[in-house]
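Right after this note come the structures.
First chain A sits with chain B, and in the next complex the same chain sits with chain C.
This part shows the complex of A and B:
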């Protein structure tokens, strides 16, 4: 039965080996579900967050995976709207990654917000002046779009394809994919921006507060830029990782190079704007609020090294590597640079979520420290396990990499 | 969210935000509605088989979509974009009508009658790219069967499912199914027609069809001098498929294919090889 579900011409590991691979992830998912249940049933006292440290590991996870998941909408935009046909080779994988990232983020948010029976309040009584409302609406709509984009991929499973009605449905669904890609791009731009804007408008947190254009602080635009720069790198990195783990060539080498080049160009633009933004913040925004910006970096371990690591080591350096054709052609350099880009965006979201809340802002404040509880950590790991499981099942039974068959034959 | 609901105000911000949100929802729902209507329409008009072939054809590697006129040397390189249906192809019509149509001379020589590259391929039959043959009978009906190349690839099938009399077949739709070693494959119909008779194992698995229209249109089928270069390319394709599983280039030039190739290499992924050769990737 298992063999009948695998796409014709693709080689996958024996079922026993596959089950052995997914077993620990299932166990981790189980533990996380239990932890999530504890948080929902007993409340947020199960976590180490409090009224002062209200954003913890979960919000950090949300921001990070949503930034990395931007690869889905941006690849869709490049393929269906800008007609970069080479990206057909990774679009299916990008959609799966996007779906995992967004659905994982929503599940964690539901545990974090709690009161699932009142989840509809956010839609029925929206506060239209809140960045979070925009985020909620956009993420919900975009998850729906991702589910619709994932559907044709599932329907391409060998067994499901035998059912004529599903085949016809998949065919027509695929034909309108450019509309969904356009909607996805629109939604993603806004919620990536709103997540950034959320920090930029925090006047009470001068470390994060930024000036900007109109109602949008600079972080609104920087979050969009960093997400679309990191998205292609994340797809590159996962494709390379899956290729190594499965010991199969999945895409042509030039596809990885193209992803690297796109990421490099966008990253360079981001680094430029991030540098300008940081200089404005150091020289104008922070002093105008009565702060010496370097005081924010006097609280160890959050020293200036973090700023340097974020902008130079994980920004400028990979951008230079990815823009250098010679280096890009060498897999070691390409993958290392993509890895640095992903670490960079993770670091950026960490700084905005954790460092912002840890730093004291009033004279009587103290530097706060926060270590997530086991329930928080288990829920976090469950999302990782959920991602690995969905991706593993999709890789085994769905045509994630259309070039794989051709590459195997050559 | 809606006028009258607690928290709703007639402010521009409210209206703009909710207006954008409802527009997005309307686009998503509208798109899905269009997809459902189109799907229902095509499903009811039994277009599933045509759609299946369209998708399968797109999935074929470029090397498996070679135009018949490249095989004969009339084009240096040309990939078919019409699902091997030459009936509506303007270039094919022009080439056939042209008196200067030239076929590479090297392809026309050296075969015994009815035996091409070691395969029994009578020239009075016409051939479909999915390895079926078509013969027009004097009474206007058409007989369809699996060609010698295809028969040697499959060998002895475990099960064959022929369509019932009265079934309408469409070009590149499913003609019949065979099962072997757990693989379930469909054989493509080489023409449009209605099944009037079927032949079982002893008769060599054939279908007898009557045309769906006034006359059977066979312009898309390979014939005469086209058969040899096509078979040569099919041998290459087969070698290529076998090479992917580590057999290597093992078909010596000049030799004939054995009666049941799958028996000779039982450990191969025959499901993939058959899929490639019978155009069901």
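This part shows the complex of A and C:
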């Protein structure tokens, strides 16, 4: 049965080896599900969050994986709207990654809220002024779009193709893919932005608060920019990693270079705007709130090194590498730069979610630390395990990389 | 008869830090009035619930020049850019236009805790545990206040049920306006030194409005522009300076206590 499900012309590892590969991930997923159950059944007292550190590891995970998952909508946008046909080689993989990231984030959010059964209240009593309302609407709609985008991929499975009605359905789905790519791009743009706005609007947290345009703080736009800069890098990195692990050539070299170049251009634009934003914050926004911006960095270990690491080491440096054609052609440089881009976006989300809450606002208050409980960590790791499992199954049974067959034959 | 007040009120309080001894009577009275359950054995100062947390701070000088003070921190009932109201995704936090009180609606709360993240005064509390009272103690519950379930946020609402009772009394007696003496929050009544004065800030003749005019009154984090309706006052310059300065730097952190 297993062999009959594998795409014709592709070679996959024996079933026993595949089962051995997924076994530890299944175990990790099981542990995470148990931890999630504890949090739902016994309450959020199972976590190490508290009244002061009201957001913790899970919100960090949400913001980070949504940013990395931006590759899905952005690749769709480049392929279907801007007609960058070379990206057809990675679009399927990008959709799977996007689906994993968005669905993983939603599952964790359901555990993270105190009353998950009231999640629908946001649709019933929406507060249009809240960035979280925007997040909820966009994440739900975009997940639906991703599911519809993922469906044709599943329907292209060897066995499912034998059912004529599904074949017709897949054909029709393919025809609306341009519309879906457009809708997905719009939704995800807003979603990435509203996640940035989530912290940027916090007037009561001068470390995160930013001024902006209209109702949107600058972080709204910076989160979009950083996500679309990191998304292609994440696809590049995962494609390279899967290629190494499976010992197969999956896409042509120029596709990886193109992803790197797109990432580099966008990252350079992001670094420019992030620098301007930081200067405005240092010289205007923070002092206007009554705070000396450098005092925020006087609490170790969250010193100015974080700012330097985020903007220079994980921003400017990889942007320069990715914009240099000679270096981009060397896999070592390309992959290292893509890795730094992903670390940069993770660092940025860490700064906004964790550092913001650790810093005191009241004059007689103290700096706080927070270490996630095992239940929080296990739930976090379960999302990683869930991602690896979905991706592994998709890679084994679905045509994730259309160029793989061609590259194998040549 | 219309039981609602016709006038726009702006209820607020002035807390005299020179009179506050940090005894915690306000915290206890508040807990009893508002059906805040006893903390579980696992609760800490960061997970327990008190609608009015009393912080201690000092001038940082060594003995014998060391001076300390206490500062009760209920919800500051912000009047402008109310941080918690705009962030709640499902309108579980609202400002009552008639009283200016920032109300939390626990039955609509999703428990996302975004409002807690937004509040610069850390005056919002999450129910990390199920509310449990020791056997027999549930008979002491205040019938006018609903206990909150696990997984929702709660905070000080200036004993809103007392305002409702005062309105009902006024209506029964054929008055449009409540008698100010009928509406005093539990913490105000319980304070043994009379450190807390409560009233309508919109009424220039009220004691609270006159205290605000005093040169020694101030509000916390005024530069954020949230326009709190809780004022503090002290005749001691060092208290006003510390309470109004920006956050302590790390080198001074050992001198402050939460």
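Keep in mind that, in the parts below, the second predicted complex is superposed on the first by the 409 of 410 C-alpha atoms of A that agree within 3 Å, B and C clash if a C-alpha of one lies under 4 Å from a C-alpha of the other, contacts with A are read in each partner's own complex, and residues count from 1 in each chain.
Just so it is clear, a residue touches a chain if its C-beta (ideal position, glycine included) is under 8 Å from a C-beta of that chain, and two chains touch if they have at least 3 such contacts.
Note that this is a predicted model, so its numbers are computed, not measured.
Contacts of A:50 after superposition: chain C is touched, whereas chain B is not reached. Look at A:167: by the touch rule set out above, it reaches chain B but stays clear of chain C. More residues of chain A lie in touch with C than with the remaining chain of the pair chain B and chain C.
In the superposition on chain A, A:345 contacts neither chain B nor chain C. When the two structures are aligned on the shared chain, A:39 is found in touch with neither chain B nor chain C.
In the superposed model, A:289 lies in contact with chain C only, and not with chain B. Once the two complexes are laid over each other on the shared chain, residue contacts for A:361 go to chain C alone; chain B is not touched. Using the contact criterion defined above for the overlaid structures, shared-chain residue A:129 touches chain B and also reaches chain C. Of the two partner chains, neither chain B nor chain C is touched by A:78.
In the three-chain superposition model, chain A touches both chain B and chain C at residues 124-127, 129, 133. Taken in their complex, chain B has these residues touching chain A: 1, 5-7, 11, 13-14, 17-18, 21, 24-25, 27-28, 31-32, 34-36, 38-39, 42-43, 47-49, 51-52, 54-55, 59, 61, 182, 240-241, 243-244, 269, 271-272, 275-276, 280-281. Residues 3-4, 8-9, 11, 123-129, 133-134, 137, 141, 144-145, 148, 161, 164-165, 167-169, 171-173, 175-176, 179-180, 183, 186-187, 402, 405-406, 408-409 of chain A touch chain B in their complex. Of all the residues in chain A, the ones that touch chain C in their complex are 43-45, 49-55, 112-115, 118-119, 121-122, 124-127, 129-133, 135-136, 198, 201-206, 288-292, 295, 298-300, 356-357, 359-368.
Taken together, the chain C residues at the contact with chain A in this complex read 40, 42, 44, 46-47, 55-57, 71, 73, 81, 83, 86-92, 108-114, 116-122, 124-130, 149-153, 220-226, 242-250, 253, 256-258.
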